[in-house]
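In what follows, chain A forms one complex with chain B and a second complex with chain C.
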Partner chain A sequence: MKIFLNKSLIAWYFILPVLLIHLFVIAIPSISSLALSLTDFRGMGKLNYIGFENFIELFDDRYFIKAVYHNIIWTIAFLTIPVFVALVCAYLLTGIKRGQLFFRLAFFFPYMLASVVNCQIWKYLFSPIYGIGTVLSGFGLDLFTTSPFTTKEYSLFAVAFVDGWHFWGFLVVIYLTGMYQVDSSLYEAADIEGASKYQKFRYITLPMIRPVLVFTIMIITIWSIPVFDYVFILTKGGPAYSSEVIGTYMYSQAFERFNVGYSSAIGTMMFFYVLIIVGLFGVLRRLGWEV
Partner chain B sequence: MKKIIDSIFVLSFIFTSSAVFAKTQISWWMEARAERDPIVMEKLVNAYNSSQDEIELVIEFTAQEVLGEKLRTALISGGGPDIVRAAGPSFIKEYQMAGMLENLDSYADQYGWNDKIVPWAYNSGVFDGSLYALPLTYESMIMLYNKTLFAENGWVVPTTLEELEDVASKAKAMDMNVYSYGSTGWQPTHEHLVGIYLNNYAGPENVYKALIGEKKWTDPVFVEAIELLRKHMVDEGYWSGSLENYYAIDWDQFHDAFSARDAAMMTIGTWTFQRTEMNFSSIDDDWGWAPLPSLSSNSPDQNFMLAIGTSIGLNPNSKNKDAAASMLNWLFSNKDVVINLSNSLEFAEFNLPLYYEDSDFPTDVNPKIKDFLSTFGKVTGEGNYGYCTWAFWPADPGVHIWKDMEVVWAGDISVADYMADHQKLWDKARDKGTTLSIPNR
Partner chain C sequence: MEVASFRKKELISNYVILGMFAIVSLAPILVLIFNAFKPAVEFGTNPIGLPNNITFQNFPDAWVQGEYSKIFFNSFKLVFGTLILCITVSSLAGFSLAKLNPKGANLVAIYLLVGISIPAQMFLLPLFLLWKNLGLLNTHIGLIIIYSALNAPFATFLIRSYMIRLPDELFDAAKIDGANILQQFFRVAIPLSWPVLLTSALVVGLAVWNEFLFALTFVQDEELKPISTILFAFSWRFINNQALVSAASIMMVAPVVILFLLFQKRFISGLTSGGVKG
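The block that comes next holds the complex of A and B.
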């Protein structure tokens, strides 16, 4: 009995319920999915082992390759624009003494809205019947007469814009919190030395919030892999696969075409991709980076 | 002590009698639609439950987007409702192949369903020589037009490609779209258009040959059909003015645009009757319907595509299969109940493919819809019918036909390549045995 009351085990007892839930919700389905990727399972009924056929087909699937390419674009877009805008905005907000709360709330507000609500607002904004295009055309301006969500050249960027618009407020709050942790005496010293606002940002703020910055880069990179909701609601991956990402393609294979085995192979590829990213950050940590 | 014994006696009597006299409950999961559900409850559930004392029908309404997945998960885990519903034969075929549908042959013999249901619709639920599903709603693609607008301008309802292109140019000259239609909210809308051009340009005879494997989808006649669709969609902007607008407009918007004279016509399925009637009831304009124009000499003058929008079968795990079959037989045997229910929905749903006489229809049936029903029966009875993609295409080619149509419209691949990809998926489906039964010609 004593062995079960050992102090070193108490922490495990508290973790155990969560571990069990993870086992049933994450681990078992993930392992099942890995196994299904080697079959021709159609979502129900019998399944046959087909080896690596799904993976071979996947590398020959032009739409899967296109979806991977779109995910890479998506990741780059999210690692640059929202991060840059949020950093600048957070830094500027630190200089505002009155009304800062209003701005923080305003920037963060889209993040609190459900994705369906955000998407519906933007869809209506660009509707060719009720949207801003029709309002502007009333003033003789020929702008936004067609929705960017339905134009193959812009659809991916339009969806990324809406998702980024909802997401960047979250980054502002994180960066702002990081910036408030910076010792104010550093800025006072910089002021005495006559440093400009940019120099203070470049040589004090940025290095001091590096752990926060790297953390956000890591989560953005990981979150960009299973991106689904905004793409699915706004374009369903279309038109003509122009905004298809791995998540929506996997959904289409599983639930529209009943190719569950094939879809599991896509999921397996996503899993390995995330593993590589996490592994990469692990290596950086071992190299002494503050990750 | 006596009181205790009396209490036990009374309680056991209540318990046993309630068990003996309790109704057998049968369940049916149906997609939810706010304006329709009360009608279904009143004219189907209440009508059935009050018609007898042994069986109680319980319908659970679930959001359309999740119903299929919910049902599939329940069936895999050995549960689910007694009555299994699916969006047409290609979905039913997947359930049948997975052993998730009861063989209905014995019930069909017992109740004589073969004699009650029109053959093409009955056969849509026959796989490997056995009946697995009954057709709950038949539908077809038609063309709606603004009757008042056509009369004012002296336009003729198009029946040929030349007449269509003539009306199209006249509508455009009036700064009006040719057709009102859009795919937002339902991406497979594209297959409605693909089906029209395959059947009304290549012709039902050729489509039939391709469906049974006697002709390749790469045949020039199909390539020409899709090329014409591409031209009308991309180059001419027939639907809502442009490809981009067609992608951006949803069900409510294109209906409103049609009744607001933003477009002269609308290509749509017969499920629109209720909505169109509602929109036009509050304005001065009137609407009419017509068969889709024949786009080449391959297609007969009048031709309706056949489709089953909803099929129903029985869950093999059900403990109440006999009761559920008896309920289905009640539905398929009571034309007055079916017409009453369907009429309340403007024949958009519960349009059971039974043998109807003119006298079966009450006087309050909308004359336009009555005209459609009798014309449809007459024309298809003469063998002039085509094939809707969602009813006769297996799952994989069935998705390809609409999903990759966008790639053609985008100009990323040629029509010939698109049809070659389509043929490959058909070859695969034939190898796997996932093809469906095709109504003979």
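The block that comes next holds the complex of A and C.
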């Protein structure tokens, strides 16, 4: 019995439950996905090994290519607008005392709400029957006479806007924490030199919070690929695939068409994308980027 | 603490810009609140303003028509079930990684970190097939196990980083008093770690309450669905009765708002420390 009570073994007994659950729910299914991506399995019946055929087919699948393209647009949109707005707001917040807590809570609040609720709010506001459009048309403005979610040209941007609206306050809090770690004597020195608000931001704040900035760029790049909730709830990828992203495309391949092999190939590609991004930032850190 | 030391004149423009963004963040939510207290007939003439006639009737109506007593019970069951399972396994692991230093602890940390970054789409379908074969589809316990696995790495790291700062002397003293490792865990580590346990519970509870993708995939039985997927269906079923949909949305948000106002610091620090996507 004594060998089971060895101190190092006891330590492992404590870790075992987490590992078991994680293995069962995430690791084993992920490995199965890798294996299934090399087959033509369709949920039932026989399963044939077909090598990399699913992956080759993906590059010919114009709906998949379209979804990838949409994810790229999504990533670029999230790397620019929310990051910029959040940086500006966090910087402005560092300068005020009164009301700072209120603004912080206000910006962060939508991040706490469920995707279903946030989507409901904006579906209503953009609806041509009830929303902002009806109010604007009272002033003779014909904006939002159709919902952007049902318009091919705007659906992707409208969905990204709602997701971005709920997300950017999260960035404010992260940037604000970073900015409070900047040595305040730097600002004092700049004040003596008569630096403007913009100059202080550009030449002190921005370089000093670079590690935080790079961290948020990394998580946005990673999180922009599996986006699902907002697209599925607001448009289901439509109309006519105009807001389809990889996440919703994989879901319809998996649960509407039951192309197990094919959808596993999509999932596998997403996983390797994440690995590459994480690896890339790892390399940057090694190169002394203080990421 | 003032960092950027703005001049007085600049402060006014600060407040103006921040105020504009606060309106962008809050006004849409205010419209939802207004609408929940508006009689259905008012929507044609007053879609986004304050209600002219305040009514509370939308709430009992939505509660009855959406069978919310059942749905709330389902969601609470998922939240508390996940909290019990997830926080138990995570605090055990967090304690071990912080204080017992097993050989190969680094490997566990790396494994969990990789686990956090795996996109759900990678394992969703095989997990679905596995759960089908195990008879766990359309069960709450099936979803509780999934939610625990999804949130455990984050909770483990959070708890570990707190427990690592507990002074070793406390554990040595307990050891001298004859406490075994399990007793050290229950009598020393757990009572001293309640702040981090509370933070983890809030963050994990919120994630479960709001979760959509796995609820959509793994529970199709109407009787067992949680509030998120029910509200999704509800918003389509009553698309012509926005008063009802708004009241239903408010009922989903209310518990979150109350807890957020009580524990906002914990929520914000917890959510931003792990990088949990909501």
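The criterion applied here is as follows: the second predicted complex is superposed on the first by the 266 of 291 C-alpha atoms of A that agree within 3 Å, B and C clash if a C-alpha of one lies under 4 Å from a C-alpha of the other, contacts with A are read in each partner's own complex, and residues count from 1 in each chain.
The rule we apply is simple: contacts are C-beta pairs under 8 Å (C-beta built on N, C-alpha and C of every residue); 3 or more make two chains touch, one makes a residue touch a chain.
Keep in mind it's a predicted model, so treat the numbers as computed, not measured.
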First (chain B), second (chain C), both or neither touched by A:R257: first
In the superposition, chain B vs chain C on chain A residues touched: C
Touched partner set for A:S242, first chain B, second chain C, both or neither: first
Chain B versus chain C as contact partner of A:G45, first or second or both or neither: first
Contacts of A:V116 with chain B and chain C, given as first, second, both or neither: second
Touched partner set for A:S147, first chain B, second chain C, both or neither: first
Shared chain A surface residues [contacts with chain B and with chain C]: 43, 123, 130, 255
Interface residues, chain B side, partner chain A - complex: 68-69, 72, 75-76, 94-95, 97-100, 184, 187, 240-245, 247-249, 253, 256-257, 395-396, 399, 403, 406-407, 409-410, 412
Chain B partner contacts - residues on chain A that touch it in the complex: 42-46, 123, 126-130, 146-147, 149-152, 236, 238-242, 252, 255-259
For the chain A and chain C complex, residues of the former touching the latter: 7-8, 10-12, 14-15, 17-19, 21-22, 24-30, 32-33, 36, 43, 85, 88-89, 91-97, 99, 102-117, 120-125, 130-132, 134-135, 165-166, 169-170, 173-174, 177, 179-180, 182, 184, 187-188, 191, 197, 200-201, 205, 219, 222-223, 225-226, 228-229, 232-233, 246-247, 250-251, 254-255, 260, 263-264, 266-268, 270-271, 274-275, 278
Chain C residues within the chain A interface of the complex: 1-6, 10-11, 14-15, 17-18, 21-22, 24-26, 28-29, 31-32, 35, 43, 47-48, 85, 88-90, 92-93, 95-97, 100-103, 105, 108, 111-112, 115, 117-130, 145-146, 148-150, 152-153, 156, 181, 185, 206, 209-210, 212-213, 216-217, 228-229, 231-232, 235, 242, 245-246, 249, 252-253, 256, 260, 264, 267-268, 271-272, 275, 277-278
